[in-house]
Structure formats: C-alpha cells, structure tokens
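Both complexes shown next keep subunit A, but they swap its partner, so subunit B is in the first and subunit C is in the second.
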Partner chain A sequence: MAFDVQLRIDDKVVTIELSGELDASTAGEFHQAIGEAAGAGAVELVIRAEQLGHLSSAGLRSLVFARQKMGDGVRIAVIGASEPVARTIRLAGFDHSIDLVDA
Partner chain B sequence: MSTPDIRERIDAFPTHRIGPYRVRAGRPFPYGATPVPGGVNFSVYSDGATTMSLALFERGAAQPSAELEFPPEFRIGSVYAMTVFGLDPENLEYGFRADGPFDPERGDRFDAGKVLSDPYARLISGREIWGREPDRDDVYPYRAQVLNDDFDWAGDRPLRIPAEDLVIYETHVRGFTRHPSSRVTAPGTYAGLREKIPYLRELGINCVELLPVFEFDELDNPRTDPVSGERLYNYWGYNTVSFFAPKAGYAATGPFGMQADEFKSLVKEVHKAGIEVVLDVVFNHTAEGNEQGPTISFRGLDNATYYMLTPRGEYYNFSGTGNTVNCNHPVVRDFVLSCLRHWVAEYHIDGFRFDLAAILDRAPDGTPLPNPPLLEQLAYDPVLRHTKLIAEAWDAAGLYQVGNFPDYGRWSEWNGKYRDTVRRFVKGEPGLVGELATRMAGSPDLYQGRTSSASVNFITAHDGFTLADLVSYNDKHNEANGENNNDGADDNHSWNCGEEGPSASRDVRELRLRQMKNLLTILLTSQGVPMLLAGDEVGRTQLGNNNTYCQDNELSWFDWGLLAANADLLRFTRALTAFRHAHPVLRTRDHPTGQDRVGSGYPDVSWHGVRAWAPDWADHCRVLAMMRCGRHAKGGSVADDHVYVAVNAHWEAHDMELPALPEGERWHLFADTGGILHPAGTEPELQHPGRYRLGAHSVVVLVGRASHQTTA
Partner chain C sequence: MTFRTAGAGRAAGVARTPECGWTIALRIPATIESLAPVSDFVLGLGKQAPLPESSLYRLRLAADELATNIVMHGYRGEPGEITVDGGIDPGDVWVRFQDDAPAFDPRQGMRTPAVDVPLAERPIGGLGVFLALTAVDIFEYQLVAGRNVSVLVVRRPAAE
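And now, the complex of A and B:
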C-alpha cells in the first residue's frame, strides 16, 4: 500500500493519520507533517497508526523526531499501532516519551 | 544592533565533487562518522597507508555503491577527514579501504582487498540477530553505521553512589533472561533485562556489572560440543569487534538498528531504580587474533600502532588469545580514553571493569611500566572523574598485580586473594585464621594507604565455579567445551561436601546450603565492595563446568524456576544485602585500625575466638569471630550497632563466648546459617546474653544494641 499522510488541525489538537509503509523513503513526508503540527502550536499530537503496515528503523526514528520537534509539554499519542509496531516501540523504550493507545 | 539570523548561516558547504558526491575537507576530530549539517563527517587515522578510500554501502548491499578516495589535501598529519553531503544516514553503511605495504617484519599488514570497519563506529550492523549464520562471503561483515544522538535521557546521569556502599551483581545480558522461564517479552536482550529491574531491586544490589556488551561475534568459536555435535559459541563476548558500538544481537530492536536506544533505555531505567551500571571492557586484545586471524579493522589501518609486536613483527600474546593491544602507545591510549568517555558521556555508564588489566600497564615491548601513562590518564580524565575503575589486576602471561596495580588513588581491583582465602577457610583448610581476618577487614595488607573500596571482594565470578558448584564439585567438569577438560582453572579451592555433583543425600544437600550461606555471609559482612555472581542467590549450577565461555544454553542461562526451588537461599541473600545497607559500619571508607579513635571504649574492629577477646591464630584453628563497633561507622560520623560475625569452618560445634556490650545493650540474632534468619531491624534478643552455640560449618551474625526484651 502506498504511503500517505493526512494532517488535521483541530484547535490545539493535531491529528496525523498514517497509512502504508513508513520507511526511509517516506519518513520525509511524515517529518514535514510533524513540522506543520509543531508550527500550529499543538498541545497534543495524535498519530493514528491503524492503517500503518511495516515500520522500519527510519520510521521508528521519526517518533523520536516528533518528540524533539514538539517539545516536552506536548502529549504525543500513537493510536492503534499494530502489535509488532507497538512492541518495537516498547522494546526500544520509546513508550516512556509517547503514549501508546489501543484503537 | 541587530542579531544575525542564524538560520541563514552556512556552516559548511561542498568544495569538491567526487563522482556524484559533493564533499569538502572534513574535520579530523572526532574520529569516526559524525552527522554534521547537510552531511556526515568521516575521519580516520592511518600512519602507513599510501591511499585511503571511504566505501559507502546502501544498507545490506553486497557491494559498495561508491568508493571515495580521500584527496591529498583532505589529509592532515596522518588523519584522513572528509565531509560528504547529501547522504541518508539511516540507509548508510560505510567502511574504509587502506592501501599500503604488506611487510609483516616491519609491522605493516595493509590489505587493499579488504573493506575495514571504522574503529570508532558507533553502530555496527551484520550481527543483528544472535547466532544467525552470516553470509561468509560478505566482503564487509561488520559494517559501520552512523548513530543519531537523539536519545531523550530525561535528566538522567551517572549516579555516583560512593564506591564503599556498592553491592555489585555480575551478570550477562543474554544469559539473564534467555531462559524461557524468564517470561519476559524479548528474552536475552537489553529490553529483557529491563523487565527484570524489580528483581534486582528486591535483591538489594545497587550496581550491575555486565559482561562485554561491545559488539563481538558470537560465531567466532570454531569448536563443537563433542557429544551433541552442536555449535559452541563465543557466549561471554571477550573478543571485541567494535569498541564504540553496543552489541546489536543483545537488542530486541537490533534488526531496526535501534540497539543504542534500547541499551540507553536500559541504563536510564536501571538508574531510576538506584542501580549503577558497570561494563566489563576488554582492551587487552581484539577479535583480529594472531597472524591467522581476520583483518577487521586495526590490523589493516595501522597494525604496528595498535598491537604489541615482537622485533620480528609477530604478535605478542600476553592475553592468551592471539594478540595484545598496544595500550601504552599514545595513539592507542587516545583510542581507549575516547572509547571510555564515549560510554560515560553517551550511555551514562557508571564504571568499568577492565579484563586482564595488567596488560594495560605493559610497554609496547611488553615490559611492565612503573607509571603506565594510560592508567594515569584514565585516573585523571575530566569526563571519567567519578567513574568507577576496576582492574582485573593480572594477565594471561604471569603478571599478577593484586595489591600493587598502579592505582593513582582511583583504581580498585578484583581481589583474587580474598576469593581464594575465603574459599579455602570455609572449606576447612587449616592455617588461615589470620589471613581471613585480614581479608574481612578489607585487605589492608594489600591496599595500605588506599580506601577499603580498593578491594572488590568476590567469591565467585563468571570465570570459574558458580557458588552452588563450588560446594558440589571437587573438580571441574568441562568436557562439553570440547577441549578434553583441559580448559578452565584447576585451582578452584572447592569442596563437594561428600559427593561429586548432584546428591540425593539430605545431609550433603543441607551442608551445601549452609556452606553457600556461610560464603555469602562472609562476603556481605566484609569490608570492601562485595560482588555477587548472578544466579548464586538461587543456587544456579553449571554442572561443574567452570569455564562456560562457549555455552549458550541452559548451562549458562539464569533459570528463573530456581527462585521458587531455592527460595530459602534467595531470602537469605536478600536479607544479607539489606543487612549490609542497614549497617554503615560494614561500609566504612577507611580500613579499620584495631584502635578506638572515637572514645567508644571499643576498637573499630576486634577479633575473637571461642573465648571473647582471645582469637586463636594457631594453624589448627578453624574458628574466627569479628566484632565491628558501630560508633566507628563511617569514621564515627553516623550511628550504628555493634556487629559480631563468627565463622566456624570446623566439623564440630563450638560454644562462643560473646564480647560484653556497653551497659544496656544486648546481642540480637540476625542470622545463623544453620537455619535462622531475622530480617535487619527485627532481630530478637539472645536468651543467653554472653554465649552462643555455633554449629559445625556455620556462621552467625549478631547485632549489639539496646535491649527490647524479645528473645530468641
């Protein structure tokens, strides 16, 4: 499935909906969306990952990028990540800086 | 005055073009690959190379996508440095190709046919999954990668627990949770160890010492099990491939290249639990071995700089493994120092234990130096200023420096003499009462003028019998290692308690349990820094194998089922660590003197025998009691109780006359290894205030404090 990013800004809550494969070749689009979210002064970033297939190391690094870009005060929630994706996030220890939420 | 807009500033721009790549002369420091704005800076040192190229691979590709020769103007001194723009670090593997003379007698072993791994690589791919057979035809098996410095430490830093307050726990990242009984999400990984932090907390240790975690190749052992025919591994990992890179095969996220993050996450969480992390580091040799070994990195970059060579250009072998790192060469010193700084600054590591550290004070020709510059440099380095430095103060070529390793007021040592004395005394050898007293007092004979934390006391370590095997085997049983039982130490000072190996006899089993408790009790009440071997607290056995370096199986793995099976020993060990933490008198920084310097009426340490104040130092004696006066705790700065530890290694019971306490104080019973345990703070008062009957092969620990009337 082709990678796609949908960005929605709802007051101070920014939702990014991902679908397809997030890897080195597509991470740039995701980074751009994160940059827009940061620019919108979001207090919460919701990443909808239900339609996300494979997550490569570059994809995982994008979550670190999101954390840095958004700053400490912003809650980042990843919703509906598949079990392999959620497991990788937990094992790397990233679940301490973002919230993993079931769909 | 207006502020210039820094976003518009250009830090560096390409000045050259090599093929499709835009490049410029790089910065010589730091060595290795460093992300810089717009690109990656590469820097490598080689004195003898005639040409140097940077080989760039797309991740996993069989052949390099490009090789960029460093233009002459990119070389400063003997450092080749180049910034390459427009690279995608996520998808990049890189190495170096160095051409130069192949003249072994002069020390040169350049091989332009090899792609060399960067000695400063922060990340290595190629061995991401433990034990998976690699492509043996790979032109570049250990591939350097670029690491992002984007980990969020959330305020963490090294803990700086005073050395004398440490209780060290030596363990193996994989072995700790690889056994299915661990029930962790990712067995055998950094993440798995992280899940077991609550266990470490409950055990009461405050420092984990990890067997090597620098990238190594677990498949570099050519041997097989002589019975099963199965492959044997390099399980322990004392054969470093890459010194700046965490072992990817220990990371559940290694296939994602996330091993650095996973390991940092482990360190951060361990710190949160109040536990330090010490790494076992191996700077005495490398995985390149001798003349027959693989050319991975150093050999092809500057063989004569990195290795000690004979006048004929052969490898000196003080490590017993084929080569010896030339640690006191200025370039190598710089390498070792940079490496340790990297682990402290980037990974928040609290200390290092140096494998075969005596090699670190040998000159390039192998002669031991009185003032080895490397050890001095590490001792005074600003970044390492509060880092624990622990030496295994001997090497494989007969240099034994326990007690005289050059310490610069900073180094501690694995105290091999402590291990041997306590083992021999507890097993019942005569003629050791005096030496046992010296060892329990922190070995002031060895470490005069140094603090008591100079001595890391231990009875067992990864190398040798486990505690359970120490009391179950007279001889090593290493047949499974494939060397006809010729490997491993022969002088184990072990005693099987009457039967070799597993025993159905209740008497034998009870004696073994008591002996394990005796050894642990002496260890946890001695002055110095105690170190436990993981699994000893639950009686882990290796079936008499005292050299399981190659055994990646149940023989080495921590069996979590033992927590229930040997719950009594675990409870006892936990109580001992809690007791040590509760009694600062056992953790005093300076050695006891046998004098009363605080006016308490008691010396800081006193020795007793069957009769109080009358230790029997005679050869035939097997009983010794030590009393520590709590008024002397931490030099008299904190209040503590009296602590009395009596050791009976005799096969008969003895009535111990107890030293009298100050008015209003009574002896309370903390533990008798014959089967009594009262957690620290709940000890009942002894019925008879002046006597204690100490069973055969037993140790008792009493606490002297104000009477509260409950009696045992």
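And now, the complex of A and C:
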C-alpha cells in the first residue's frame, strides 16, 4: 500500500495521520510533516497509525526527530498502532518518551 | 535469534543448490527506490510458503532494514547492485542478500537501544540492524570471494 501523510493543525494540537508503508524511501514525507508540526507551535502531537502497515527504523528516526523538535513539554502520542508496529516502537524503547495509545 | 556457525548455513553455499526446489531471485540497483521491489519479493515469498502474518512481518522488516543498510552504509550512495534470492524449505523461509560493497558484517553494526537515555539525546545508529537481527530467527553472514552474503531465516510453524 502506498504511503500517505495527512497533517491537520487544530488550535495547538497537530494530528498526523499515516497510512501505508513507512520505510527509508517514504520517511522524508513524515519528517517534513513533523517539521511543519513543530513550526506550528503545537502543545500536542497526535500520530494516528491505524492504517500504518509497516514501520522501519527510518520511521523511528522520524519519531526521534519529533522528540527533538517538539520540546520536552509537548506530548507525543501514537494512536492505534498495529501489534507489530507497536512491538517495534517498544523494542526500540521509544515508549518511554512517546505514549502508545490503543496499541 | 541464533547466529549459525560460519560454513554451516546457506551463506556458505552461494553456489550450492538450496535444500528444496522452490527459489526465486531478484537483481536490483543499490538505491532507496529498490526497497519496494525487495518488500514485494519477500511478501510474495511469504504468501507462497505460506508464513503466518506475524512471521512474514518480521521477515519483511528484516529484509527492509538489511537492504537499507546495504544501500546507505554498504555502497554509501555509490552505484552498485544487490542480488536477492529466497526459498521455502520444509522448516523455514529464507532470504539471501549479496552485494559487492566493502566487506561489512551487519552484526558489527548492531547497537542495542540505550533505553535509559532520553529519546531526544539517543544515539540512533545501528537501530536498523538491531531491528533486523532481532526480527529473524537465524541470521548468517559470510564474506564469500569478496562478496557480502547475508541470510535471513524465519522458521515455519510445524505442520498440523
């Protein structure tokens, strides 16, 4: 399934909806959306992952980038990740800094 | 995860016929655009086996990370080629990568994530190799006549 990123800025909450396959060839789009989210001065970043079929280390790097750009006070949540996607996030130990919700 | 003894596995048998008749192969340029055909290749192999969804996810993740590693860190953007083949054996499904980048054993690049370090300060090198090596049941690497040969293996569940 082709990768797609939808960005929605609602007051200070930024929602990024991911679908398809997030790997090194598609992570640039996600990276760009995170940059926009950080620029919008968000207090919360919600990443909707219900339709995300695949997550590689390139996607994890984008999450690190998000954590770096958004500042300590900003909550970052990944919502609805599938079992293997959530497993990858936990295996890398990212669930200490990013909330995994409904995963 | 098991590291098979060198010489005991398929990495050593590059010129040897695999254990069963069912194999397919792919030759692709070492570019990031080749990740999609690598994934399609692995998904096709897994469906043919067939592998359970969770095992296929692991094999595909490992293949994706290994291919990315060869493109980004092996050839370092220089032109090159990757040969991918794979097969279905009674006990497992395997995917083998061969490349002519400078000799590099992916196991040497593996870094276990520093989970106690805040994410924003985390050194993230080696994460892809870590995911690849923890995803598969067996990983083999051997330098064969100057070629890097890596094999990813996932076990098939026992037949009912």
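Just so it is clear, the second predicted complex is superposed on the first by the 102 of 103 C-alpha atoms of A that agree within 3 Å, B and C clash if a C-alpha of one lies under 4 Å from a C-alpha of the other, contacts with A are read in each partner's own complex, and residues count from 1 in each chain.
Quick note on the criterion: a contact is a pair of C-beta atoms (placed from the backbone, for glycine too) under 8 Å apart; a residue touches a chain by one contact, two chains touch by 3 or more.
These numbers come from a predicted model, not from an experiment.
Participant: Using the superposition on subunit A, tell me whether subunit B and subunit C clash or fit.
Facilitator: Taken together on subunit A, subunit C would clash with subunit B, as the superposition shows.
Participant: For A:Ala24, decide between first (touching subunit B), second (touching subunit C), both and neither.
Facilitator: After superposition on chain A, A:Ala24 lies in contact with both partners, subunit B and subunit C.
Participant: When the two structures are overlaid on chain A, which partner does A:Pro84 contact: first (subunit B), second (subunit C), both, or neither?
Facilitator: It touches subunit C, and subunit B stays clear.
Participant: Is A:His54 touching the first partner subunit B, the second partner subunit C, both, or neither of them?
Facilitator: Second partner only, subunit C.
Participant: Looking at A:Ala92, would you say it contacts subunit B, subunit C, both, or neither? Reply first, second, both or neither.
Facilitator: Touch partners of A:Ala92: subunit B and subunit C.
Participant: On the A-aligned overlay, A:Gln68 touches which partner chain: subunit B = first, subunit C = second, or both, or neither?
Facilitator: In the superposed model, A:Gln68 contacts both subunit B and subunit C.
Participant: Subunit A residues in contact: does subunit B have more, or subunit C?
Facilitator: Touched residues of subunit A are more numerous for C.
Participant: Which parts of subunit A are in contact with subunit B and also with subunit C?
Facilitator: In the superposed arrangement, which is not itself an observed complex, subunit A uses residues 24, 56-58, 60-61, 64, 67-68, 88, 91-94, 96-97 for both subunit B and subunit C.
Participant: Within their complex, state which residues of subunit C touch subunit A.
Facilitator: Listed in rising order, the residues of subunit C that touch subunit A are 32-33, 35-36, 39, 54, 57-58, 60-61, 64-65, 68, 71-72, 113-115, 118-120, 122, 124, 127-128, 130-131, 134.
Participant: Show me the residue ranges of subunit A that touch subunit C in the complex, using the header's touch definition.
Facilitator: For this pair, the touching residues of subunit A are 21, 23-25, 54, 56-58, 60-61, 63-64, 67-68, 72, 83-84, 88, 91-94, 96-98.
Participant: Along subunit B, where are the residues that touch subunit A in the complex?
Facilitator: 88, 90-91, 148, 150-152, 154, 185-186, 189, 191, 194, 251-253, 256-258, 261-262, 264-266, 268-269
Participant: Would you pull the subunit A residues touching subunit B in the complex into a rising list?
Facilitator: 24, 27, 56-58, 60-61, 64-65, 67-68, 87-88, 90-94, 96-97
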